[in-house]
Amino acid sequence: MCGVFGIYGHPEAANITYLGLHALQHRGQEAAGIVTSDGERLTPHRSMGLVQAGFSPTDLAALRGDRAIGHVRYSTAGGSHIRNAQPFAVDYARGSIAVGHNGNLTNFEALKDRLEARGSIFQSASDTEVIVHLIAASTQATVESRVAEALGQVEGAYSILFLTERELIAVRDPMGFRPLCMGRLTHGNAEAIVVASEPTAFDLIGATYVRDLDPGEMLIVDATGTRSLRPFAPRTRKLCIFEHVYFARPDSLIEGASVYEVRKALGRKLAEEVPIPSGNDAGDVVVVPVPDSGVPAAIGFAERAGAPFEMGLIRSHYVGRTFIEPQQSIRHFGVRLKLSPNRAALANKRVVVVDDSIVRGTTSRKIVKMVRDAGAREVHLRISSPPTRWPCFYGIDTPTRAELIAATHTLDEICKYVTADSLGYLSLEGLVTSVRTIEQAASASPPPSTKNGEAAENGYCAACFSGTYPVPFSPSPKSRHLRLVHG
Amino acid sequence: MCGVFGIYGHPEAANITYLGLHALQHRGQEAAGIVTSDGERLTPHRSMGLVQAGFSPTDLAALRGDRAIGHVRYSTAGGSHIRNAQPFAVDYARGSIAVGHNGNLTNFEALKDRLEARGSIFQSASDTEVIVHLIAASTQATVESRVAEALGQVEGAYSILFLTERELIAVRDPMGFRPLCMGRLTHGNAEAIVVASEPTAFDLIGATYVRDLDPGEMLIVDATGTRSLRPFAPRTRKLCIFEHVYFARPDSLIEGASVYEVRKALGRKLAEEVPIPSGNDAGDVVVVPVPDSGVPAAIGFAERAGAPFEMGLIRSHYVGRTFIEPQQSIRHFGVRLKLSPNRAALANKRVVVVDDSIVRGTTSRKIVKMVRDAGAREVHLRISSPPTRWPCFYGIDTPTRAELIAATHTLDEICKYVTADSLGYLSLEGLVTSVRTIEQAASASPPPSTKNGEAAENGYCAACFSGTYPVPFSPSPKSRHLRLVHG
Amino acid sequence: MCGVFGIYGHPEAANITYLGLHALQHRGQEAAGIVTSDGERLTPHRSMGLVQAGFSPTDLAALRGDRAIGHVRYSTAGGSHIRNAQPFAVDYARGSIAVGHNGNLTNFEALKDRLEARGSIFQSASDTEVIVHLIAASTQATVESRVAEALGQVEGAYSILFLTERELIAVRDPMGFRPLCMGRLTHGNAEAIVVASEPTAFDLIGATYVRDLDPGEMLIVDATGTRSLRPFAPRTRKLCIFEHVYFARPDSLIEGASVYEVRKALGRKLAEEVPIPSGNDAGDVVVVPVPDSGVPAAIGFAERAGAPFEMGLIRSHYVGRTFIEPQQSIRHFGVRLKLSPNRAALANKRVVVVDDSIVRGTTSRKIVKMVRDAGAREVHLRISSPPTRWPCFYGIDTPTRAELIAATHTLDEICKYVTADSLGYLSLEGLVTSVRTIEQAASASPPPSTKNGEAAENGYCAACFSGTYPVPFSPSPKSRHLRLVHG
Amino acid sequence: MCGVFGIYGHPEAANITYLGLHALQHRGQEAAGIVTSDGERLTPHRSMGLVQAGFSPTDLAALRGDRAIGHVRYSTAGGSHIRNAQPFAVDYARGSIAVGHNGNLTNFEALKDRLEARGSIFQSASDTEVIVHLIAASTQATVESRVAEALGQVEGAYSILFLTERELIAVRDPMGFRPLCMGRLTHGNAEAIVVASEPTAFDLIGATYVRDLDPGEMLIVDATGTRSLRPFAPRTRKLCIFEHVYFARPDSLIEGASVYEVRKALGRKLAEEVPIPSGNDAGDVVVVPVPDSGVPAAIGFAERAGAPFEMGLIRSHYVGRTFIEPQQSIRHFGVRLKLSPNRAALANKRVVVVDDSIVRGTTSRKIVKMVRDAGAREVHLRISSPPTRWPCFYGIDTPTRAELIAATHTLDEICKYVTADSLGYLSLEGLVTSVRTIEQAASASPPPSTKNGEAAENGYCAACFSGTYPVPFSPSPKSRHLRLVHG
């Protein structure tokens, strides 16, 4: 996962982008970067680690210009090195261009081979570099035509921002895997255009959310204003449903639907599908989220189940988001550093623990043990999404299939492994229906999937649950021998 | 506020202390330190900033020995400099001694003057250095007698750990302002003794909570085991009630009472004392905590009010606890960086915002505005403690009276300032009664205040609310001319 | 100026390269880098600043493989940013290649335009990146053919090292502007091949100097041993004579000639051409070098003049080489921080100050003032090279003509500006003759210039003194609008 | 060895002190510190490492006031930790005081025991802390009386600066082991008083050297001007003769005598005492210094021997002074990193290598090998001081006797160990006579030793050569069990 932010037409473009990236920090903690333009040249600054650590006041002051794009990264392909940080900025025949990319290209290897065959050299291990080479190789007359021609050749997921000396271009891939939205920021009598992976970035900077970009839309912002092109053949939308389940911030909207509302609905549906087993003394049931991502689903579950919601696990403010940390040892250790049991809420209770997903199972196992050690009489684990059985090839750094516990174990085996008294996942149909219902309620027009009369799932990519991949990918995308260890 | 942790008899004493300090990080982020003993000499390491940033694996490996004390600090007196970091370690005639102190001495100035008059020199601006001088000046034969003699001369609040070459000594002041508890950590066939400001530190390291130290108790741990002395004249307990309101982690126990249970009880009581004003459509009410400290009270409030609990404000994981940051500019900026409005839970709702306290009012004002801008029809602010009107002289770095909004403004004025539709505080009686009730339920024996037939408040220090200070203090404790700017 | 070092066939290739770069540190302090190969892939590490600061033991341990190239850089084109540090390493169609370059390409702009026109993108502001693009664009079958084809298109100065997965290639441009030498390093029963800008790097690592590469020679080292190609049309040698005057370390040989011997000869010649003005009491004359670069010339001058050599200026060990520091403010301040007057050797003396060159005149002015303030009765400045009147376009970051004092002032005006009692420069003929004489004495075969029956100067590039540039250059090589501010 | 600098009455006191410490950097590289006073309070900043690395512009700006003292330290007692850095600054009954100390106290242990017995605590492992305790314990009415009473109790070597809120006090111990001088710095119409370990610090800042402090002199600078006290019983001067041999910078004066002149005289005397063995072809002899400290003696030797002076060993600018680095491994490695052989000056020559001293012999052995490997026919090592046989207890961190090669080996054995063809040391009489002669020539009044009719050696401490210690010391000053590992 990564996050992008862009702004056009604000005297403090770098500072605003810095704040916007802070609000998108949950989408990537490995590296952060900003490139600004003053109309004549681009100025970049990139740094490993969190946004707040990577930009000093001096760094920000050096980023001159009234337009900027920014990027927060977590490792997808290429490894944890500053060379793979974005935005990526280069000179080519027509000037300079910078690019910040959220997503993953599935035909990256083939394109790289083709480009190298004609003499291109590659300095990063990032798939994003391919896009820039394709733009440089284009003979189209305008920047937007070159970008369109380049993106016409790539496949996969991209919500992507380009910055040249003169324009800001935002593009969402034809299937709309990753979210991308635009807004307006008034300053004095003027108005800047902002774009971001999630509208939560607009709240921090005081901007107004306008709308999500459509799948396949190319938004161009320059001195003449904004205009939209749709240079690609239309495709069925394939919004990543895991954005709703886990990635996006709960206060975000995705195509108008509240992530918080979706998660509460998943919790309610989960309570219907796999309710708490009836016990002798039902009054002792408590519903406990795995904070923070499990909170909305737990609120929904508690509401539907008629059981009290309690903060039975307390999260430390001093450790970052587990899933994103690149080192296994830290992730492993992080579970205990991050969560503490709240005995007062757990002891002698029949505890329903609500979490968003199970990846390897190791974290869930520790949480169940922690809850039971705190005195819970029973521990029932409820997951507000279906079993995660397939890796993602569209921008999320999931483990290989072999590491996904649900890919190789039955429900009973997983329940036994995590040592829960019962385990229940939300069904795929329950998931999709819940998301669609919220999307429909949020939208005057019906959601895209029903336009085409296709099955409900068709509006979403749920490949990690179903194994149905909307875009083919090269059989072993991680197997290529990367000759240069980029450092 | 500060936090202390100690361990005696564990081969990985430094590592365990490092983890213990991590669990106490909420009690101080300015500096962290550890001193170990191998039975012959003390080894210290101190660093500015968070525990995880200040100790490298090399640093930890250099901290040899099977006993250790650690300290996390936030600025009380003396300013933000490494010289004021603790534990403080010195050589004196009888050997070496290190000290880590949570609290504040009220007769520090007079003692420092007296010690200087007899030739002592001071290298830090910390009140804790006085205690070490008093120990060095003592002619008593044993370490515990010297410590007792020294502490017999100081007044104020201290939960304090001492480490010498051979013993670990933990002392809680006679009034028991600050918490301090002990536990046991089994390793192999052996058992180490651990002490900590809060038992949440025990969960992380796998230790078992045994009990809180009594007010006035001196616990000595050495090769012969543990023993307790009570060298001071007995006093009425004066537990800092603000530990329950805000400082302690919700998963902690203080003298056996669950902080989480207390906070939920405060929320319930608050809902009784200042309920939601009846409106035309009560069904639209939502109860929203200011996360994370307001969450338990909001759960209790929602339960009693029969209104839904919603996460209407989303907290960023990437900014630390506002109240503790030393720089005004960061604190000011931090409010917006830390919290985002969750429109889906707020728009068109009558929102009850539950927070633990109002200090200057500036944060509350921003939160009310944020909630209203997100579409709330009404914003009702509820505070789970009485108005904070008086500064603390026992270890909490509160602003001066002039800065405390409740010291100089009426309820109506504050409500107007924070732009809420209504504002309600919990009464002092409601606060004390609620805490006492939970304490009573948690304890077989009645809580201390009733032992003496005194008013309920007498078991607690609530000076920040009432202005009734249990220990006198020098008239202008911050006015003394500090000659040396310690750096 | 930059320095390069390479090694093939040593188990500690990275460590040896680290030491080799340390010995070449005088050729560049802005950045340092090493790329190693283990036969299958390249591993790079680059860092700003000195070699010793940029490589930790961990960094060195990560640089696996038995072959390596390294580079020390000071800013020529492109500015002080890590992106411009070398070796430059990339992936292209045939594998990976890294390059470290000492020199400057004069047709860089035209080549970059041509490459961009066919779709290449540039990530650095370094002329070296052009060479890699040309290699990638080559359709030749072997690495050496591709390198030869690429270098056949560039003009200007280059002593350059390439490292691929399998071979180390060292090339010196056909005019031989910059030095490059090879040696052998025995370890156990094996022997590694080493190449370096100067043989002083061999002394530190215990290697044996074998010979300088010929101008136009391409040396290939791989598993089959070493072989030399001469793929370029022969040209008259144009060795940079300023290497002898200032850049090279005095203990180095350049094409067999001792730099130390050359500098002493320049000092002797200087004493003949512009002797000390006869005074009333000649016995009071002392000859004082500007340390360290002026020392050998001052020894030669004193010998020929029959006057005592004294260390009248003491150099601090704690400031780096003035000429190389990139910031004007530090350079300015550095003169006083670097040199102190030794009154005992200066007071009441007629002082001859011997320096290697005058660039802007500001340093000389300060030195003359310093010597006079220390009590010198007279100060006679003698320069062991001709007036520096022209900028260098072959790899030395000299100021523009407008800043070169000798480009715009007469000898008398300069003398007055630096406030010396007399000023004397070595003649161009005296310089070339002296260098040639030492070269001839060092070589069995006559030096190259006489082979062709051309004027003595023809064996050298003395463009900075004469304005006669052996290779044409684009009219305003620094004027091109660099669009991307590389950071 | 350490260095001190002080200034009174300059608006940029901190900046001037920073520059002064830079000029004294050769006297200590382990740590640096500055304390300023604005008349009301002291502000300190201390840092490990070089002056230039330890003080940012922000640090310097925070050091307010028009008076300051500074200190550069290398490890004498106590180890390499920031707590042992100086100036040491404390509060005591009469205000604040800071102290910077060059030297070593021989009765430190006894004084510390006595002070601890009366209740003092020690936070550093530095002997200097004792002095501050003694001042704090004094009941004298004025600062100067307290300082005098305190210093009256200590024994050993000290050139020491004190800074209080209102005065700067400089004291040189009654035997005058370490140098200390004063000067004046004019700024506008005002004049600041400066004091420094060596007058070379005055040159950098543009101050004028006035005189050395007398042994036993206490110079007080305050708002009323300067005045001198002589509160101690007079003693025979015992100036450390090794300051002349090695420690001081060659451009310094010590009690009016030029260190450069002294070193040249030592070289001349050395040439007389142990001349070059006559060979078949005397014309091939060259005299080569071990740079930089051996340069003046080599110039003197060459002059007297009538042989050419050559820079046969080239020193790298990128490694610090070997003798001072605290880590054995770096020192060991440093010899090869620091010096390179200049073959042109050595090959086929009979080389006389002139160095100032031999400590362990390992460095000399490597140098002789390096010279011989470079082609020297013979290598004759000449040392411009007598054999170093005894450790120093007055402030120089020499090895123990067991490590001093001359303490346990004969001249022949040392010659054999260092693999020289011949080895010659200067005699003790030759050393003392040479220094005295220069001192006499520099002074109108005869040097102190002859005042008392004592032997020439009596004016100097030459204990490291003779074993005659002017001040007794505790038998094992390094053996005391330091209980606290200061960190």
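First chain written, first letter: the chains are A, B, C and D, and each begins at residue 1.
The definition used in the following text is that a residue touches a chain if its C-beta (ideal position, glycine included) is under 8 Å from a C-beta of that chain, and two chains touch if they have at least 3 such contacts.
As the structure is a prediction and not an experimental result, all values here were calculated from the model.
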item: Chains contacting each of subunit C and subunit D, listed by label; value: none
item: Separation of mean Cα positions, subunit C and subunit B [Å, integer]; value: 63
item: Where subunit B and subunit D are represented by their mean Cα positions, the distance between them in whole Å; value: 51
item: Multi-chain contact sites of subunit C, meaning residues that touch two or more partners; value: none
item: Pairwise touch network: line, ring, star, complete, or other; value: ring
item: Touching pairs among all chains present in the structure; value: A-B, A-C, B-D, C-D
item: List of subunit B residues in touch with subunit D within their complex; value: 40-46, 62, 89-93, 95-96, 113, 116-123, 132-133, 136-138, 165, 481-487
item: Residue ranges of subunit D in contact with subunit C within the complex; value: 19, 22-23, 25-26, 50-52, 200, 203-204, 249-251, 253, 258, 260-261, 292, 295-296, 299, 303, 308-311, 314-321, 336-337, 340-345
